[in-house]
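The following block contains the structure, expressed as structure tokens.
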Amino acid sequence: MSGNMLGKRFVVLSFGESHGRCVGAVIDGCPAGLRISESDIQSLLDLRRPGQSIVTTQRKEEDKVEILSGVYNGYTTGAPIAMLIWNKDVVSSDYNKVLETPRPGHADYFARLKYGGFNDHRGGGRFSGRITAGFVMAGAVALKLLKITLGVEILAYSKRIGGIEAKPTPIESIREKRWSNDVRCPDEEVAESMRQAIIEARAAGDSLGGIVECIAINVPPTLGEPVFDSLDSDLAKALLSIPAVKGVEFGAGFRAADMRGSEHNDPLGIVNGRVAPLTNNAGGIVGGLSTGGEIVVRVAFKPASSISKPQRTLNVSKGVMDEVVVTGRHDPTVVPRAVPVVESMVAIVLADHALRAGLIPPVLRGDAG
Amino acid sequence: MSGNMLGKRFVVLSFGESHGRCVGAVIDGCPAGLRISESDIQSLLDLRRPGQSIVTTQRKEEDKVEILSGVYNGYTTGAPIAMLIWNKDVVSSDYNKVLETPRPGHADYFARLKYGGFNDHRGGGRFSGRITAGFVMAGAVALKLLKITLGVEILAYSKRIGGIEAKPTPIESIREKRWSNDVRCPDEEVAESMRQAIIEARAAGDSLGGIVECIAINVPPTLGEPVFDSLDSDLAKALLSIPAVKGVEFGAGFRAADMRGSEHNDPLGIVNGRVAPLTNNAGGIVGGLSTGGEIVVRVAFKPASSISKPQRTLNVSKGVMDEVVVTGRHDPTVVPRAVPVVESMVAIVLADHALRAGLIPPVLRGDAG
Amino acid sequence: MSGNMLGKRFVVLSFGESHGRCVGAVIDGCPAGLRISESDIQSLLDLRRPGQSIVTTQRKEEDKVEILSGVYNGYTTGAPIAMLIWNKDVVSSDYNKVLETPRPGHADYFARLKYGGFNDHRGGGRFSGRITAGFVMAGAVALKLLKITLGVEILAYSKRIGGIEAKPTPIESIREKRWSNDVRCPDEEVAESMRQAIIEARAAGDSLGGIVECIAINVPPTLGEPVFDSLDSDLAKALLSIPAVKGVEFGAGFRAADMRGSEHNDPLGIVNGRVAPLTNNAGGIVGGLSTGGEIVVRVAFKPASSISKPQRTLNVSKGVMDEVVVTGRHDPTVVPRAVPVVESMVAIVLADHALRAGLIPPVLRGDAG
Amino acid sequence: MSGNMLGKRFVVLSFGESHGRCVGAVIDGCPAGLRISESDIQSLLDLRRPGQSIVTTQRKEEDKVEILSGVYNGYTTGAPIAMLIWNKDVVSSDYNKVLETPRPGHADYFARLKYGGFNDHRGGGRFSGRITAGFVMAGAVALKLLKITLGVEILAYSKRIGGIEAKPTPIESIREKRWSNDVRCPDEEVAESMRQAIIEARAAGDSLGGIVECIAINVPPTLGEPVFDSLDSDLAKALLSIPAVKGVEFGAGFRAADMRGSEHNDPLGIVNGRVAPLTNNAGGIVGGLSTGGEIVVRVAFKPASSISKPQRTLNVSKGVMDEVVVTGRHDPTVVPRAVPVVESMVAIVLADHALRAGLIPPVLRGDAG
């Protein structure tokens, strides 16, 4: 228990359930003086809102954020910022069978075991991807804070879905095009293939996994507090908190395992007048510290666990194998909607570390934002 | 700063430097009543000790652990357990050039930048792999605690080195054979190939990367405190604290990104009289909770950054590109010596979560250990 | 910043402002399976509600608590419990002068300095006593948890107001009579004198201080985690978080400073079949651990800072001394309304420590509550 | 468990036992670039060293501090600073009776109960006042850090011993004279009376309590992170971690309970060119924030529990009342030796908060110290 807080200096507390009254977050530790409004948050939240496309769940939610505290006259006050969205389009009857035949790939059974059956199982409760709406609320604040104070930019996009991978794309294209299609892939040709693959998988009652790549630009060097609060450690922790994530890698990542030192080592040089690595196999982090180069992290998502195809699983009441057909409205892949969530988690961790390093002051001066 | 503590209930603080007086760790939160002695710790520590083989660094250190507090009459007391090894075979003159031509792939330059030049750069200081000796001290206590109280067993081994991968190996063989050769690979044939590859790389003044796989057996279900202190989140954080790690994945991991839901979902069934997944694509963790199945995590290590081959890098004093030849005694690959470190990090996280879940009491009864 | 969380295992996060949209709290770490409803919380909250008596502020607030998350089917789920009350009777125009002539005894000026003027100063913002409504919400849950699981009872009352002190009162009388009058003093005769003193002070445009005593009964022995998370350390911290508190003492407290060891030492004996101190100069805590005896703590409150009498203070705009007359609706003494707040803080700390000690399990079995 | 760490940014971990191998502390989070040596620490440690005077215990310990890590070339590196003293003059046989007839006023019995008998009971183990040597090591570093960076000065002294109280003393006299006598009281006449009272109590086989007052000067305004990490909250917590403390008060403290608002409120004015309270009933803290005025805190110590006079207590083996005569070497009052400990705790908390507020940078520039 008490595992719903992330960060040491920019602390995010997550609350709410998929089919409860609301989903939200509280930030404790945001500096005072950041100009922020509900619309700043809404724009990011809209990017993960369900019901917008054939490639996502058909649950229709307005997901309109409300700021309950910590903002006054349009600026953060230094006090905790509580935010939430109300749940509206809830169809909980779909979930009654979960208790009897727990859905493969879901935490249904184990959550029930852990919480003695007291957990709110409807829609997955705390284990639902819907909880990440709260991550995005906090992430939107972190993103604005990082942008205003340090010029940091965070760009995530769908790198790979269903085995189809985007070609290497220049930063400018990623920035411009990743939101232009509903699979969130800046490579437009590949995006269309991903889209078709998702539609096909949905039609087959199945689902797809994929990889989100996230690039953080203009991150100042030396963020990270080794040995345990290394920047990559904290990023990995935050990213693995997103439901369905099964792996995280930085820079060359798992490929680095097959490289030789002479190949992998990034020589230092002068870049834009500053000492920095000339190549980026390290993904912008060396020894747990940011190098000032682009932080490159890839996040592997398993295929969505909710599929309409019949599946064999245990009937826990009867103790025999049974068949389960997961009804309800689900994403045929979580990857596109996860893109703003990945950005949010990276932003939260970078904001936390920039504050820990003293690179963002406790009170912003000037007209911040 | 203040990033040298890991865990919430079984808290490990790391201290010491590569070429300072000592390297150590303090555990705050170990239950009282665990029978522990220096020899329990020494046996694991010996497995990461340098200077033992041609595949590791030639630095000769006795690495004899001393327990300074928290153990009385052979049992833990519930008080902080401070432990250390003294540094002896220190040759610091090797590191003087580091200040001028920072070694590619190392944190030398960024550490200097972060700490204003006050950091102890000798041998990499806090960024040295030697710091993990402290992780192993704490890990040895965690391993014994988990074994005695819950019967948990943690088995790591070299899965892949220099592109050479061990064939799938049954648990019994992993248990028996992983320590039988100096590359820590239970597949003996492959072990010999890895060994040759390492020797060849060393001869070429180069280094190799690889993958350590770690399997945790008998982990009780429902460990993990979602959403942020998910078991996989905390494992990933701990593992990425090990120097040279660039990626972590669970179960099918990055392969899961290319799977379909119907393929990846592990159906539930009855295993050994208990509800459990019948397959293990999830790697023993679903929704951030352990399932009771084997926890399978793979850790990607980059090739060791210290290579004797000349490398181009910046001469930061002169502001021009220069050549650096890294002298000193170094590991041609960190993978074999990282195996006990991976086990230690997994053990520390599992002990922390077992305590958080109340599955290990604050005082052990009976003759624990 | 990020100082709005209390506890390690039963963590309370406070949010909201006096004149913002709401005041609330989130509990992260409450066990699953506690039967709880808004009415359980409301009854304690009503005891601190303003506008109920001539001895308190005339601000009229319904203070109707809403549980937003973490409770399902009438029981806690193990997920974060977010709770709040909406602010309604807000008259913020009263506070405009605060910016020019900061009120003596208040944090107005220093809050403005700390938060660069971005803080919500209306009604004192985060520094208002109204924030303690959130403490009480969390406290009500902690109280029920402690009562159901361990039979702990926590009884606070006004011991002294304006120099008038209640005579020593048996536990039974405290339990029965402390809520029977609006000054929250079980000694009814003294209560009436206190009441008159408060009315007189209010009439004089002045205010009174006092002492709240709190007794916790049936606290199991050995709660507390020395050396720094001693039970008395954590109680003192929590109690000093209540606005207007200037001192805390346990058992004989400051009187102990004048005693001799032979007088002060509580001999051990057998009480109710259990080894326990026969006297209680220690106030139920020895070496930072509960003894099983009554925990006795006294909390000194300064006189309310808001008084209608004209006061000299600095005009910070003009840089000259000026006169301030604090308008608005205020408590002539905070002591009576602080009584449920003191109970709440003691409950939160005891719940946190009972969970840390493993005396309350993460899931309550049976029909808890 | 895991209660041996204090602070969020300047974190102090305490380890060691009274009769174990050593007593020490680790600081995680001290900025890099502070010039520090063992002699800086030794001078404060010497002020609490035992065996120096007739008014203290006759245990002879050299208490020579060793810095094990985190300092290089005479400056802090930003890495954890581990420090310790070795125990030498240990006479543990004195403590064998403790198991049978627990000493009144001591934690012997409750520690045994909490830790299942596994605790190191010798000399009180972790509950011994000797543990505070570690507090002083960390405190000495904090004191130097505060002095160098902010000019903060912390002056504690014996205000009252055995009912004998020092007259109000100007700061200059406190600074000059508090270390000039062995009772640590700057009022020399009263010091002599205190000294006689202690000698008399010791001769009578008894002990005395007292009050330490601590004044912190030049503390910058707005330290403290309300609502829960208020400056007074964190000071109170830290001070109550010192063995034998039973109460803490700020400014007028418990006297404030009897004052009226018009009397207690400190008007603001201009002091040394800065807005500040003109009087100091608040003790330098308002709303949990430092005001820039002197922080004044008083700490009540109970009489030392170890007295040689025979006392009645339970024989826990036999279950009958028995007589205990506490042998061993003990302080007839802990007050004089607690003076540097109080300074240390105040310094640790102020350093933590100055770092949290960004008033001390993570790396000190110039020649710090």
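Each chain gets a letter, A, B, C and D, in the order it is written, and its residues are counted from 1.
Throughout what follows, a contact is a pair of C-beta atoms (placed from the backbone, for glycine too) under 8 Å apart; a residue touches a chain by one contact, two chains touch by 3 or more.
For clarity, every value in this text was computed on a predicted model and none was experimentally measured.
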Label of the chain whose CA centroid is most distant from the centroid of chain C: B
Which of C-D and B-C has more C-beta pairs touching across its chains: C-D
Inter-centroid spacing, chain C versus chain B (mean Cα positions, whole Å): 46
Computed distance of Cα centres, chain C from chain A, in Å: 38
Averaged-CA centre spacing for the pair chain D and chain C, given as whole angstrom: 27
Multi-chain contact residues (two or more partners), chain D: 1-5, 8, 14, 114, 126, 357, 362
Touch list for chain A against partner chain D, complex: 8, 357-358, 361-362
For the chain A and chain B complex, residues of the former touching the latter: 1-6, 12, 14, 102, 104-107, 109-111, 113-114, 126-127, 131, 160, 162-163, 201, 205-211, 221-222, 224-230, 232-234, 236-241, 243, 245-254, 256-270, 275, 277, 281-283, 286-291, 300-307, 309, 311-314, 316, 319, 321, 356-357
Touching residues (chain side chain A, partner chain C) in the complex: 1-5, 7-11, 13-17, 20-22, 24, 26, 28-33, 68-70, 72, 75-82, 84, 114-116, 118-120, 125-126, 362-365
